[in-house]
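Letters A, B, C and D name the chains as they come in the text, with residue numbers starting at 1 for each one.
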Amino acid sequence: MLSELKRRVYEANMELSERGLVVYTFGNASEIDRERGIVAIKPSGVDYSTLGPEQIVLVDLNGKRVEGELNPSSDTRTHCRLYREWEGIGGIVHTHSRYATAWAQAKRPLPCFGTTHADYFYGEVPCTEVIGDKAIERDYEEETGVQIVDAFAGIDCRHMKAVLVACHGPFVWGADAREAVYLSVMLEEVATTGFFTVLLDPESKGIKKSLLDKHYLRKHGKDAYYGQERVP
Amino acid sequence: MLSELKRRVYEANMELSERGLVVYTFGNASEIDRERGIVAIKPSGVDYSTLGPEQIVLVDLNGKRVEGELNPSSDTRTHCRLYREWEGIGGIVHTHSRYATAWAQAKRPLPCFGTTHADYFYGEVPCTEVIGDKAIERDYEEETGVQIVDAFAGIDCRHMKAVLVACHGPFVWGADAREAVYLSVMLEEVATTGFFTVLLDPESKGIKKSLLDKHYLRKHGKDAYYGQERVP
Amino acid sequence: MLSELKRRVYEANMELSERGLVVYTFGNASEIDRERGIVAIKPSGVDYSTLGPEQIVLVDLNGKRVEGELNPSSDTRTHCRLYREWEGIGGIVHTHSRYATAWAQAKRPLPCFGTTHADYFYGEVPCTEVIGDKAIERDYEEETGVQIVDAFAGIDCRHMKAVLVACHGPFVWGADAREAVYLSVMLEEVATTGFFTVLLDPESKGIKKSLLDKHYLRKHGKDAYYGQERVP
Amino acid sequence: MLSELKRRVYEANMELSERGLVVYTFGNASEIDRERGIVAIKPSGVDYSTLGPEQIVLVDLNGKRVEGELNPSSDTRTHCRLYREWEGIGGIVHTHSRYATAWAQAKRPLPCFGTTHADYFYGEVPCTEVIGDKAIERDYEEETGVQIVDAFAGIDCRHMKAVLVACHGPFVWGADAREAVYLSVMLEEVATTGFFTVLLDPESKGIKKSLLDKHYLRKHGKDAYYGQERVP
């Protein structure tokens, strides 16, 4: 069932490994078939070197397995919560990539320090609150999704496709798993240069609104002119 | 004798090299056959590029060579001391991996700054005292083992499988050499992100107990649900 | 048309990718045919893994495409402005290489901290002002070129072949695209060691004039004696 | 002439490149034939990718070329000065490796922060004074050698085989070019972890004498017991 979806999710997970964003079994990518309400996701604790498309697990929107022999990623219910909350998104990636994780561990949102950031993320990447004790007890993975949604009050998830979960690491999303992987690489890139930037200038506040708008909108606005084609 | 044990120890040592945790002849992995009281360990000062399983040295629990033409690792008696003190462990790795070594050189225990750390190490990774002058004179390698054991007063070596030896570097252990290598990679990973974290937030204290418990115990507790199988 | 020029520009772009200065579609290299007033430049938003010499776009000195099916790099008009302002230069490279970008994001010029720097860049690498709101509105890419030229008041672009565009990243130039790539690698190298240097000594001011002169001029002065041949 | 010597020097230079200590044409390794008073050294400004053993240049102890078509490294006279001053040394390496260069640019000697350092370098790696203006004018490369020798007043070059030349970078030596390369890799390793260490603990002073002695002497003392063989 849904072998194309599983192949795409497999390839997205492999690219996470090839790009150096994960070690051993860390990290997971998923993608949703919105019509059927089925999510394909990496199995839990399986090494990338032995992963194949046939091992990708299918779950429903509540995280219940509907196909596959292996347990889905332990973060599955976080993915599902985000798919239920945000209908516009089609793929999600979670990694513990080093610099993004450091910002999350320091509980600091990542300011937009330059145009590289502005090209992909429309402003400061939010950082969630530390999850509460009751939420941990209740349903940790589900509640991690709630924390993320809470952090997006007043923020449009179509223009800010990443979040830092405090004391944990980044979640990134997009139209499909492939875009979520791409933006995960970019987030790590700007988390890296952002880290260097605050060491060079601890007072740095990030770029001004006019420059942020220029860069983000020349790529993603309705009059975008970056790249080769645009479907507004 | 014990060719399977030697092969496993050989492979563990090679993975240290492939994962970038060692340069030239640094680092060593060992594993014990508890029934026979025999430890297999890397020979001293042999380059990884020329190492073979047949060169792995066998020693007894006092570090005396019982098979092999080469001298065992100069750290052999530290390994042996830990095997004698802690019956539950089956493999030990020592490296000078960069970030873990930096924490050890700064004589700072490594706080648990996030869930990546909590997934593998149940709390702060301890740092030993600097070894005393008399201990150095008496029997340096043996006494390094004593320092490690002293640092674990009140700490269960089954849930904290790593230590930073002050002014030296990390020792890591597990059920076998393979697990000790795996956890050495993880320790370097969390030592790296932990380093970045304290530069972003010098006051950072590490995560709260409830989040530490959740992550560590969902992987290692009796009701663990991470991964594909559990043998409680 | 100009297939040799396109091949050289293709190779320069590929070397940026191979040297790790760019990820995905970031970065662009161009070279000019001064006789014809034609600039060859990377197309916008095309991945390095699928790039070929035949996709290199030709534009006139105002950035108008004269050959090629693809849109030229979105930074094309910045390149063209520099070619028009500085007749002596033949190739330009723009990257978001990590350490140079961090200095640009911190809006700090890069001091000459050592002889590696002095071997290639004759003094502090300037950092532009942050571009004004009106300039952004008027013609962002063209005005980025203006910012660069403004930052070079009193500085000779033949002896300082790099600039940090504030909140953005480096532009580097040379006799041809190949030299611009070479100097981009060197800039990233000295931006890296310069970053480490200011962390080790925040008060560091850079080397004295006599040492700067010695190193720069033994390579680039009229009595240069470094390397194998000199065409003064 | 001396084809074995040239091959060894070629291989030493190539290993500098393979180990990531140099980029493009940076860095140079040499070795001396003490009987004939001939030094083999890398040619100046030749890329490692096109270097061959036949291009290694032979010079006398004053740096005058006695065989080879290419100019010797611009640092040749620094090498020769050290060979003349210190009869015990047989090979020299100069690189601009990143972390060692950062310490040199910060004009800070590198303290011995741990046992990795103590295994190879017997104490703090000295940093020279910044070269004087008259010395630059007189004979820059020769005088760089003088600076190094001056920094070794009271230090035995047989037990401290590295120096940081202020505002420049490291020089490292040994019994032959191969050992000088090996120690250059080690210096970069301890310069790296030392850099991390001072960021974690700016007050860190380095290890105590008893621990330094233990580690250095178990490898290099007359009763050394590290490794497989000893020729005292």
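The rule we apply is simple: a contact is a pair of C-beta atoms (placed from the backbone, for glycine too) under 8 Å apart; a residue touches a chain by one contact, two chains touch by 3 or more.
Computed from a predicted model, the values in this text were never measured in an experiment.
Of all residue numbers used at the contact between chain A and chain B, under half are used by both chains, marking a mostly different-residue interface. Centre-to-centre spacing of chain A and chain D amounts to 46 Å, using the average Cα coordinate of each chain.
Centroid to centroid, with C-alpha atoms defining each point, chain A and chain C lie 33 Å apart. Chain C has residues 199 in contact with two or more other chains.
Taken chain by chain, the contacts form a single closed ring in which each chain touches exactly two others.
Pairs of chains meeting the touch criterion: A-B, A-C, B-D, C-D. Per the touch definition, chain A reaches chain C in the complex via residues 113-116, 182, 185-186, 189, 192-194, 196-197, 199-201, 204, 207-208, 210-211, 214, 218, 225-228. Against chain B, in their complex, chain A makes its touches with residues 23-26, 43-46, 70-71, 74, 96, 98-99, 101-108, 130-131, 133, 136-137, 140, 167-169, 195, 198-199.
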